[in-house]
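Same chain, two partners: chain A is paired with chain B first, then with chain C.
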Partner chain A sequence: MTPTTPEKTDTPTPILVVKDLNVVFRVKHHAVPIIKNISFNLFPKQTLGIVGESGSGKSVTALSVMKLIDTPPLLHMTGQILFQGRDLMTLSNRQMQPLRGKELGFIFQEPMTALNPVLTIKDQLVEMIRNHLKVTRREAVDRAVSLLTEVGMPNPGQRMRNYPHQLSGGMRQRAMIAMALSCNPKVLIADEPTTALDVTIQAQVLELFRTLQEERQMSLLFISHDLRVIAEIADQVMVMRDGKNIESANVDRLFHSPIRAYTRELLGLIRYQ
Partner chain B sequence: MFQSKWTYIGAVIIAVFALAAIFAPWLAPYNPYDMRLAEQLSLPTLEHFMGQDANGVDIFSRLMHGARISLSVGVIVVLISGTIGITMGLVSGYYGGWPDTILMRLVDILMAFPGLLLAIALVSVLGPNILNVVIALTVLGWVSFARLVRGQVLSVKEREYIQAARTSGQSDARIMVVHIFPNILSPVIVQATFSVAGVIIAESSLSFLGLGAPPGTPSWGAMLSEGKQVILEAPHVSIFPGLAIMLVVMAFNFLGDGLRDRFDPKSTIN
Partner chain C sequence: MMISENILECTDIIKHFPVRGGIWRKGRNRIHVLNGISLTIHKGEIMGLAGESGCGKSTLAKAIVNLSPPSAGQILYNGRRVSLDSAREKKRFYKDVQMIFQDPFASLNPRHKVGGIIGEMLRIHGASPADTENAVLLALKDVGLDSSALDKYPHEFSGGQRQRVAIARALVNHPKLLIADEPVSSLDLATQHRIIELLKSLKSRYDLTVLFISHDLNLIADFCDRTAVMYMGSICELISADQLLTHGRHPYVRALIDSIPISDPRMRMKKRTLVSGEVPIAGDLPTGCAFHPRCPHRFDPCDVHTPRLRSLTADAHQVACHLY
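Let's turn to the complex of A and B:
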């Protein structure tokens, strides 16, 4: 499958290029291909939505970009992942560490389980900031407050001292987003960031993503099983099924004239709901 | 409520013994080495309310000084063996693979020995003194911490927040110390409390066998051993050190039980 072509971008060089990505897992002594020849380009300030049903390989694709798939189950991974021209495939775990969180932010689906239950929001934010940036604790705390304000956390000064279980689902996801943004990543990878939230909070969080992306000029790799969410946020869309790229297109083209039967099927599901 | 009362009693007993141990040189009514052979084996009186031993030394004063040895050996051994065991368990559980295999086989081997026999053998080889008792009990003690921590790490490392910490670019060491360790601290504290009790018994046993503190040093185990010779004519010489060991061990067990109930929501259902 050919990489997505940019149709409404002002800078032609993609910030993230994934080329012929193949990921094979070992399942009970058998090699099982999980991702099959996935290629895509992510352009600066744009959003690429990856959509597909459960088990289609969306999350594995996202974790592959971070090079965070454990061995086992990983058997081998081939292809190219070029971030600003640098092939992440050739980097060791130690070389990847400065990129993770600093250049490539990541947001998980379930904010309850993705925040450490025994550390306060402040501790987790400060830890994250000081891990990548050379700042004093005081500066890190100030930065944490301004990040929480930026993501619309009510009473950030007070919420900082809370543990995750003391926050509502929406606030937790805002805290997660603040953590992911804390070191100004160029690419933000969000793996089903709105799935665990109820519909009104979902709309607020999507709005927050749009605002943040505009203000910070980030590229966003947004994963969701929900085409409506993708329609709201993405510029380009890649439809995945069984680890394969079924169809990639500009969001308008995909929604108005889908080529593949599977895409039409997915779109049909929205219309019936 | 009942549980917390016993925890409280345990904590108070430990506090009393700890204060007695710390301030023994100032609080003890007599010198623990002051022999009054004319008063040997005298029964409890108003001046010597636990009586005097075979050398006429005041038993109460000796017990207070003995608390310094028992409690400090207990705490020191648990601190050292806990630190070693926690580190081993964290590394082993987090990385898995061959370091884990080697470490866990070593743990299996050490667990296969009857603990006290191995301690006796080690102290006999190294030479009987308090430092070697500490070394022998540390060699035995880290194992239970390593096993406990490894098991906990295996469960915690699969949680999403650990994955999240990795996506945020934190190093393995940082993940272990900042993210995993605080999550497994509760069972470790409980284990440490029970371990202090175990170490106090082990130290007393070794001293009872003459493998601990040098003869004449006020140590609870040694006092029991000395009392054994005269148990028929002067039972108070062995009863009081025996009671002291029992009380302290019981207090640590009460505290351990209470902490476990407090930290582990599953054990407080009824």
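Let's turn to the complex of A and C:
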């Protein structure tokens, strides 16, 4: 029996498995469930898009995977987060630290608040690289230049000496992406990475994500409130509302034959013209 | 709406800001934010103003309401120049012209109750407390909030509800011209949709003229009658809004339209022409056409001569490009 397509010879094992994730916050002495039984699989070289309105729990899901939620708001978190078979839920903060940035890259929505305003782009990139990889400062600088070139930063050698406020929104987001890529993560988590950008720059950044994913064979967890952006980038989509998974499907199926009423409602909103 | 009066006429509006630098803090350079904008708004229409961040949309809005007076140029309201030296005239102007801002978290005073925020305008214009209260309640009802909102503070509301409060404040005294500066862009899609529907119904009920500023071309095409698209402080195209997405001709406008993500994953493979580069810093304005360094169709005159808005057809479609 010869398989028709070579990719389908073996069923791929997911690189990231989230199983029955429940996150409960403490709000004014009340336990408030924020994430309710979320499960998803992220496969190698694939993009999973998470879409939902503000407050639906998209960002909390992403931050939970990185275990980046502080304990005052967080009351407890249960379920499994299996990254390459290893359960991140059982790891301590110290054990998580080598994974953050190295294996799991993260890109935030607003690069101005995510970048350190008092350090140059170069300092921040070099710090990130040298934290995770055993390289000299010189090598780290070279790597920083090639990363900035890769993400399409104009004049990388000169631009890296700038502080974040000296860069435009698009360039800042490129710098953020360069930082997230600096240690060749296997999974890149991007939380609304194009929301703060103008539409022409958004198109450029989406194109950049596609090229980078192709070249680096990364898995991408892409969060957006904008179904149009999801249509551009995702392979699989999960629609969230009030911390629940409303519908998960292949992107084509979701856009062309949505099952749940809420998904149809969201799709109706982007097609109301 | 073919032959109608002009409620607002802007002619050759220029706005520049001095950049102070060096130890003597001398204003040596200027950032040119508006480079000769001429725009006419007819009574009763919804005029869209589109463009990317930094193109001068908000500066134009602020110039119109005199929050940041233009450096040069003339603004006529109902055919008359508004002299803001006279307190009486100023008061009358601000009764007629109201503004909604983008960020409802920043534009509502956190220390005032919603009833006070909405009623302030009426009190300034001399309404009695009873009239004020009635008008405020009516305004709240218009925007879909109930009377319990009166005694609440802005932080008790969600973004969409706050924007409703901002709309109620702007409309409570029945203005003639409403300037809405990105009123929905901080809201999520479902809320955006509801606020736009609200603005549509209030527009027809109160016979408003609206200048609607947005970076979202789909929204403008849906909501507005005409659109001006701005790039680096100039208007590059003026077109009726329902033709914007299909008949926009300026290369920049085409690029904007092509950059809108298509909500169909099957269309993804269709190669689109993306513009390269970013908007230059307004201080170093390119010579000739401001868009020429990014333009895929640039040719000889583009870097020398600045194109002016020219009518393409008999209708109001105007483009500032050497191609046409």
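In this section, the second predicted complex is superposed on the first by the 261 of 273 C-alpha atoms of A that agree within 3 Å, B and C clash if a C-alpha of one lies under 4 Å from a C-alpha of the other, contacts with A are read in each partner's own complex, and residues count from 1 in each chain.
The working rule: contacts are C-beta pairs under 8 Å (C-beta built on N, C-alpha and C of every residue); 3 or more make two chains touch, one makes a residue touch a chain.
Source: prediction; values computed, not measured.
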| item | value |
| --- | --- |
| Chain A as common anchor, with chain B and chain C clashing or fitting | fit |
| Touching partner for A:Y163 - first (chain B), second (chain C), both, neither | neither |
| Partner chain(s) touched by A:K102 [first = chain B, second = chain C, both, neither] | first |
| Partner chain in contact with A:H225 - chain B first, chain C second, else both or neither | second |
| Touched partner set for A:Q202, first chain B, second chain C, both or neither | second |
| Touched partner set for A:I270, first chain B, second chain C, both or neither | second |
| Three-chain overlay, vertex chain A: chain B-chain C angle, C-alpha, nearest 10 degrees | 80 |
| Residue contacts on chain A - larger count, chain B or chain C | C |
| Contacts of A:M128 with chain B and chain C, given as first, second, both or neither | first |
| Overlay on chain A, chain C to chain B nearest C-alpha distance, Å | 9 |
| Chain B-touching residues of chain A, taken from the complex the two chains share | 66, 68, 96-102, 106, 108, 110, 113-119, 127-128, 131-132, 176, 179-180 |
| Of chain B, residues touching chain A in the complex | 159-161, 163-171, 174, 178-179, 182-183, 185 |
| In the complex, chain A residues that touch chain C | 53-54, 154, 168-171, 198-204, 206-207, 225-229, 231-232, 234, 251-252, 255-256, 265-267, 269-273 |
| Complex interface listing, chain C residues touching chain A | 52-53, 159, 188-193, 215, 217-218, 221-222, 245, 255-256, 258-266, 268, 272, 274-279 |
